[in-house]
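Across the two complexes that follow, chain A remains constant while its partner is chain B and subsequently chain C.
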Partner chain A sequence: MANETLDKAKVKEAVQRRKKETYTPVIPVQQFGFVHNNVDCIGCRACEIACKDKNGLAPGPRFRRVMYVEGGTYPDVYAYKVNMSCNHCAEPACLPTCPTGAIFKRVKDGIVDIDSSLCIGCRRCEAACPFGAPQFIPDQNIVSKCNMCVDEIDAGRKPYCVQACMMRVLDIGPIDQLRAGTYPTKAVAPHEKVVRQVKSMANPELTNPSIVFVPHSKGIVEDKGAK
Partner chain B sequence: MSGQDWQDKLKSALKMDRRSFLKTTAVGSAAIAAGGLTLKPKEAQAFAYEPYPRDNDLTTVVTSCAHNCGSRHMLVAHKKGDVIVRLSTDDGRYQKGGEFGKDTFEEPQLRACLRGRSYRSRLYSQERLLYPMVRTGARGEGKFKRASWDAALDHVAGKMEELKSKYGPTALLDQSYAGASYGVLHKSDQIEGLLGRFLGMYGCRTSSWSVPSYEGTKFSSRITFGTIEDGNEDDTFAHAKLIIMWGWNPAYTFHGGNTFYYMRMAKQQGCKFVLVDPQYTDSASAYDAWWIPIRPNTDAAMMAGMVHHIFANNWQDQNFINKFTQGMDAGTMPDWAKDKENFRDYIFGKYDNTPKTPEWAAEICGVSADDIKKLAQLYATTKPAALKASWAPGRNAYGEQYNRMAAALQAMTGNIGILGGCAEGIGKAWHAEGVAYPYDEFANVFYESIKSDRWAHCVLNYPNVKREDIGLWPGGKAGDGVIPDIRGIFWQGSDWFNQLTNINKEIKAINKLDLVVCNDSTITPSGLYADVLLPVATHFERHDVALPWYKGHYYIHRPKVIEPLGESKTDFQIYTELAYRLGGEQFGKRYNPKANRDYFQHDDAVDNAYLQEWWEHKVMAHQHVEMSWEEFQKRGVYKFKLDRPHVAFQDNVEKGVPWPTASGKIEIFSGQLAQYDDWTKTAYGHEIPAIPKWIVPWEYLGDKEKTVKHPFHLISPHPRHRTHSIFNNVGWLRETYSQEVTINASDAKKLGIKTGDTVEVFNDRGKVVVPAYVTERCMPGVLVLHEGAWLDLDENGIDRSGNPDMLTLDEPSPAGSFAYNTVLANVQKTDLAHKPGWDQLSTARSHVFRRDL
Partner chain C sequence: MNANTDKWWVGVVAIILALVGGFSVHFMSDSNGAPAPAASNTSPKAQEAAAPSTPPTAPATQVAAATLVTNDYGRARYDPIHFKPAIDKATDADCLKCHQEVLDSKTRDASPAGLKKTDTLAWYQTLDTYAGEQMTFHQRHLTAPFIKKVATMSCTTCHQGNNPRDEVSGTSADSPTDLTMRKMVDPNLCLRCHGQFPYQNMGLPGPWHESGAAFQNNCLLCHVSIRTNRHKVNYLNAAAIEQEATANGGDSCYGCHGGRAWYRTSFPYPRHAWPGAGATVPDWAKDRPTESDLRFLIEGSKP
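And now, the complex of A and B:
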C-alpha cells in the first residue's frame, strides 16, 4: 500500500538534494536522553500503551518496547526489564542511511525524528538502527519512531511514557547529567549507579545512544565508559 | 486554533532546529564556511505530515477509569469536538494547590495503568454496542438484529410480567456485578447496584450473594475482626521492614492508587520482601524478593507450620494475644467454651494427634521445613512486618481457612494496628461515601439469595435441589428455604457467563431459561448467550464521581466527556424507563425519585442533582470537605490529606477500643461458628470449624489418585492486560500480553513443549487451546492460565481462547469462596487451533525476548 499523502515531486527534490550532501553530525546544544531502572520496573507497560495512544499507532508498531529478561534455574531464578524506545543517539546510525533526508536531529536537544512527509518507506533506517527503534507502519508505508514527544517537550512537559510510568522508574534529562548522577530523578535511588549498556544490548560505541540504565546484577556488562 | 496558527507555533517551537545536511559532496563544510552555497536545504520537521493536534490545542477533561480492578486512577481526556483524541493521566496539575510534576508522598499522582491508557480502543471498538439488539439465532450463536428501544424494552417488560406471574418472586436472577461500577451513581453491584434495587422493587429477584473475588477472605475478616475494614492505606507499606507477599502480585493487581510505588520506597529504606507463590512474579523481581514456591491450595498448612514454629520457640507476642485475642490458646478461650478446641492446642496436635510441625507442613505444601522455619522466624522477629494475605489463595476449596490462619499469624506476632504492620485480609481501608443514588429500604430486597456460582446447578436440578447445595441465604422474602425457580437472568456490569466456574455446565443451564438480558457497552461472551442486548453508555458518556476501591483517599469527577455513542443509554435510564413501563408513575417515580418519565431522553439535570446532593450532604457534611461542588467539578479531583496514616485497628490496639465482634476481641476462636448446630440452615450449608484449620481440598497435588489422570494443578490469577474479561478485545493490550499457559521448563521438556507451541489444557470438565510459555519461573506441577479470555468455542465445544473457567469446578467452599484455584488438569501438545481474539488480529510478540534459558 502506498503512502497516499506522499508528494512525489517533493520527495524527488529531496533525494536530489540529499545526493549532493555529505553528513556532518549535529552537535546539539544539550542532548536529552532516557533513564530506566531495570530492577524496579514492574514491567506493566503503561508507558508502551501511553505511547501508542499518544501516537495513534495500530497494533503492530511499538515505539517503546519493555523487554523482559529472565534466567536462572528453578527455584533460583531472576528477571528484569529493559525499556527502550529510540535512544536519540549522538551519532545516529539511522540518519545517514535515509535516502531522502527525512531523518533529522534537533540542535536544541538532540532529538532524532523522521519527517514522514519525506519518508518513502524504504526501511533502511530500520535495518541500520542497532536497537530496533524505527517501526514500519504497513498501512501508511512509512517508518516512524519515538520523537521524545517533542510537542510535550516544547510545551515544557515530559514525554507521555515518562509521565505514564506507574513506578516512576522512567525519566528523561540531559544525558551528561544523567550519566554523572547529578540530575534529580526518581528513576534512580540515592545509592544506585547508572550504566550505558546492559547485557544483550548492542554496543553503545556504534551510535553513542542517549540512554542510561540502573542495571540488574545479572544484566551488568563491563561498562566501557562514556565518551 | 486554525491551521495557520498551528503551523506558526510549530515553526517557532522548532526554530532552533537546523537540518544539517550540508550541500556539496565535493568540498564539504569548508565550502559553507567560505559562503559558497546556493542550494538552501529543505527543513525536515516533526509532525510535518498532518496538522497534529497538540495537547494545548485540545480540550482537557479530567475523568477516571471505571472498572473492578481494585484501584481507581485518573484519566485525562484530550478531545476535539466530541471525539477523544488521546488520553493522559494525572500529572499533578489538577488537584487543589497542584502544579505540573507535583508528586508527593501525601498526594501522589494517580497514574493510570496500561488498561486505562488503552481506553480509547475500548470506547471506539468494533465490539461496541450501539443499538438495542434482539437475538435471532440460537443462544451463543451470535445472531442478532437491531431493534428500537421501544420494541426491546416492551419485549423485556412483557417477559418479566409473564415469568413473575407464572413462576413467582424468585424467577429472575440478578447477576449484577462490579464490572461497570465504582461510580457513586451509576452502580453495578450485587448489593448496592441499580439492578438489585430495580428487581427487588419489582418484586421478583433471586440475588447472588457470594463475591467471586474474595468471599473466603471476606468471611475470614468478618468472623475474625468483625469487619472487612481491616486494611491500611497504601502509603503505610512504605513503613514496613518486612513485606510478605502471600499470593499477592501488586505488579498486576492494584489496590490503592500507588501501593506498588510505596513498596518501592520501602525497598529503598531497606525493607525485605518475601513472595510465597507458585510463580516468581514481576513483583518478586521488582522488589528482589525471596521466592518461596508453594503448591497451590496448601497455604493454610504452611501457615500452620509457621505458627507451630513460632509457638515452639516462644516468639509470639503473648501480651498482644492475652489482651486482644479470643481462642488463640487455652488461656484466651471464653468461659462458656472452655471445653471447645483452641487454636494453639490444635496446632500442637492435642485433638488429632497430629502436631502441625514445619515437617508436617512441608509434606503437604512442598516448601522445605527449613524454609518454613526461616520465614516463621523472620516474620516473628522483624517489626513492623506486613504479612499481606491476598485474596487469590482464598479462591480455593476451604480458602477461608487460609485467610483465618493468616489473621492468626498477624495477631500472634502483634503486627496488627501498628504502622508498617498489616491485618489484611480484605484490605478495605479509608471509608469513602459510596452511594449517590437512592439507597433505601428497597436497595437490596431479595426473595432468595444463592451462592453466585451455583445458579447453573440450581436451574439444571430444579426442584430437586437441597438448600445447602446452593448456599441459600436464610430469610428470603419468598419464605426461608424455598428453592428459587430461576427462569431468567439479568446481567449488568457483569460478564459472569464467561467468568463463573464450569462454563460447560452454564451452557447447559442457560438453554433452559426463558429470558436473558444483558446490559453492556460492548458485546461480550455473556452477550452472545443473551436474548436482548441493551447498549450502555460508558463512563465517558455519563455523569458520575469515581471513588477508589478498597484503598485510596480521593474522589475523581467524571463528567459526560462525550455524548453517548449510538443509541446507548445509562443503566439508570434503562431501569427507570422499564419501571415506568412495568408499574407506571408509581414504580417509576419510586425507583428514580428525582426524575420524570423524560429521563430516558434527558438525564443531565437529574444526574447532577443526585451527585450534588451526595457531595453536599455526604462528602461535605461528613468528611470535612470545604470545596464546593462547582469547584470540585472544575478541578476534577479531590485528594484528602489524612491527619495520620490510616492503619486498621490502631485505636483498638492503642486505646483499647473493642473489635466489632461479639466478644470485642480478635476471634481466632469464633463464637458464632461454634454455636451453629444445623449447618444446612446457614448460608454456608456445611460445617466450618470454629478455629482456623488445615482441611484437605478436593483437588490438589497431594491427591495421589486424582493426579494420576490430571497431574497438574491449574491456577487462574488476574491478568495484567485485562480487568477480568474487560479489555480482552483491545488489540493494543493483546499484542502486549497474550493469553498463554505458563509451564515449568522441566515439565515442558518431558512433554516436548516449547515456548510458543500450541497446547491443550484439559480435565473432565472441559478443554482449552492456548500457546505455552515455558519458564523456570513457575513451580513444577503447576500451570498458570489467566482468567478472563473471551470464550470462543469450536464445533466440538473446545474453547480456543484459553478460558480457564472451562476447567474450574462449580463447587464453592462452605464459606462461599469460589474454588477457582482448586483445579487439577493435564496438558499436551495439540494440532487444534488457538484464537487470541474474536477478530483476526494476530498477536505480535516480536519484542519479547527471553535469554539465558
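And now, the complex of A and C:
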C-alpha cells in the first residue's frame, strides 16, 4: 500500500541527499555483554540447546556455539571451550551491511537485534560478522541471530543460554562492569581476570564486541589483555 | 499334464530379470557405494556440500561433470582440495563442482513481511558505482559486473580451506593458521575493502562525505602523484581501477576505501614505494610492510 503512494522523485532526492554518508553507530545508554569462563566450561552444550529450543531452530543453524579447542603434544596437552553467540558489538559489522534495515541496535541496552521478517536473504551480515553470529536459515532463505533473548531481558530475566548453564560459567551484565571486574557474577572467580580476546578469535578492534572471557592459559593472546 | 509344472519357465525368467535388475542398480550407483547423507541430519554447510551441484535444469554436460565428484559428504569434506597446498591451485571451476549453489542461490524477491527487494537501498548502495539488483554477497564478489571490471577475485582469494575437525585454527598440524573462530574467511581479508576511510592519515579535515567536495570529489587530485604504486595484487585489476577512477571520480575509490566500511578500523595497506616518495615515513606508517602478502603477489612481479 505504501509503495503505491511512494513519490519516486522524493525517493531519488532522498537517495541523493544520503549519498556517500557513512553509517553512524548507535551509542547505547548501557551496553550489555556476555562473560564466559573458558576454563570451567565443561562443554555440555546445554546453552546451545536452550537457545535452539527458545528460538525454534532446526538442525543446522546455531545462534550459540560452544567451540572445543584442543591441542598440544603429550604430556603437555590442553583442552578448553570458547562459547560465543552474537557479541552485540559496540559497532556491529552486520548492521551497516543490511540493505533492508532489518538489523538494529537497541539504545537502552545495546542489544543488536534482527527483524528477520524484513530479511531478503542476501547474507551480507553473515559474511561481514567477524564472529560468525548471523545464521542462515536455509528453508526460509533468511538470516537470523541471537538477540540476547530481548523478551527475557525486558522481563527482568537473563537469556535462556545463561539460565541453562549448569556450571554458571556463562553470564550477562553491563559490559563496562564486566570488563572492570566489578559486576558480581559466578562466571568469574575473585582471583580471575577477564580478557576481551582469546586465541584464534577475530581482532576485537574490528567491531568492539561486548564479550569478555576468563581465558585458559593456552588461550591467552599476548599484549591484548582486559580493557 | 500338470499346469503348475508346465509354467516352470516363468519362475526362471523372473529370477533372471531380478538378477539383471539388481546388477544394473548396483553398477549405476556411486562407485564407492557410500550412501549420500540424509539432508535432515546434516548442518547447513553439510547440506550445501551435499546438495546437488547443479540446478535441476542444468545441461547434461554439467550433470555429467558433477557426478565425477563423490557424493560421499564425509569424503568430500576431507578432499585434499580443502587443504594446503591443493587449495592454492584450485580453480573456481574446481570449487564450484560442489559449491555451485553459492552462485545459483538468489535473494528473496520480498522479505517474509513483504518488503520487496526492489524497494530497498542501503546507504552504501547510493554510490554511483553500485549498480544492479540486490544480490547475495557471493554473487557481489564473483559475478557482479563492477567486481568483474575492477577485480579478479576467485574463491581462493578469500577461502583458504579448513580442517573440518577444527572450529579454530592450530588444534591440528594441518589446520590453517589464520582461521578465526566460526569463520571460513579471515575477517582481516574483508577489511581491505570494508574498512574505514583513514582521513586522518591523509591530513583531510574530515571524513570523505564531508571533505570530498573540497577536493572536487576526485581522489586523483592528490593521488596523481602520491602512492601511485597501488592495487598491484593478483585479485585486483589495477589498470581498470585507475581507468574507473579517472572516468568516474571519487565514488569508484570511495567504494572500497570507506564507502562500504563494515568495520571500525582501516586496513594497514603495505606501503609500496612510489616515484617521488620522500625518505621520511610518517608515524602511522612506520610499522607497515613494504610488500603485499606473498599469496597476493602478481606472478613475475618480484625477483
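As a working rule, the second predicted complex is superposed on the first by the 200 of 227 C-alpha atoms of A that agree within 3 Å, B and C clash if a C-alpha of one lies under 4 Å from a C-alpha of the other, contacts with A are read in each partner's own complex, and residues count from 1 in each chain.
Quick note on the criterion: a contact is a pair of C-beta atoms (placed from the backbone, for glycine too) under 8 Å apart; a residue touches a chain by one contact, two chains touch by 3 or more.
Predicted, not measured: the structure shown is a model, and the values here were computed from it.
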Partner chain(s) touched by A:G181 [first = chain B, second = chain C, both, neither]: neither
Comparing the two partners chain B and chain C, which touches a greater set of residues in chain A: B
Chain B versus chain C as contact partner of A:R157, first or second or both or neither: first
Touching partner for A:R124 - first (chain B), second (chain C), both, neither: second
Partner chain in contact with A:T22 - chain B first, chain C second, else both or neither: both
Partner chain in contact with A:N141 - chain B first, chain C second, else both or neither: second
Touched partner set for A:P99, first chain B, second chain C, both or neither: second
Which superposed partner A:E70 touches (first chain B, second chain C, both, neither): both
Touching partner for A:K52 - first (chain B), second (chain C), both, neither: first
Which superposed partner A:S200 touches (first chain B, second chain C, both, neither): both
Doubly contacted residues of chain A, that is, touched by chain B and again by chain C: 18-23, 59-60, 65, 67-71, 101-102, 115-118, 132, 199-200
Touch list for chain A against partner chain B, complex: 5, 13-14, 17-26, 29, 39-46, 48-50, 52-54, 56, 58-60, 62, 65, 67-75, 77-80, 101-108, 113-118, 132, 147, 150-152, 154-158, 160, 163-169, 186, 189-190, 199-200
Contacting residues of chain A [partner chain C, same complex]: 3, 6, 15-16, 18-23, 59-61, 65, 67-71, 82, 84, 91, 93-94, 96-102, 115-124, 126-128, 130-133, 135-136, 138, 140-142, 199-203, 205-208
Residue ranges of chain C touching chain A (in the complex, touch as defined): 40-44, 47, 105, 107-113, 115-117, 119-127, 134-138, 140, 167-172, 179-183, 185-188, 190-191, 194, 207-209, 212, 251, 254, 258-259, 261-265
Residues of chain B that touch chain A when the two form their complex: 13-14, 16-25, 28-29, 39, 41-50, 52, 54-56, 86-89, 91, 100-101, 103, 111-114, 117-118, 120-121, 251, 258, 260-261, 264, 267-268, 280, 282-286, 288, 291, 293, 720, 731-737, 744-746, 775-780, 841, 844, 847-853
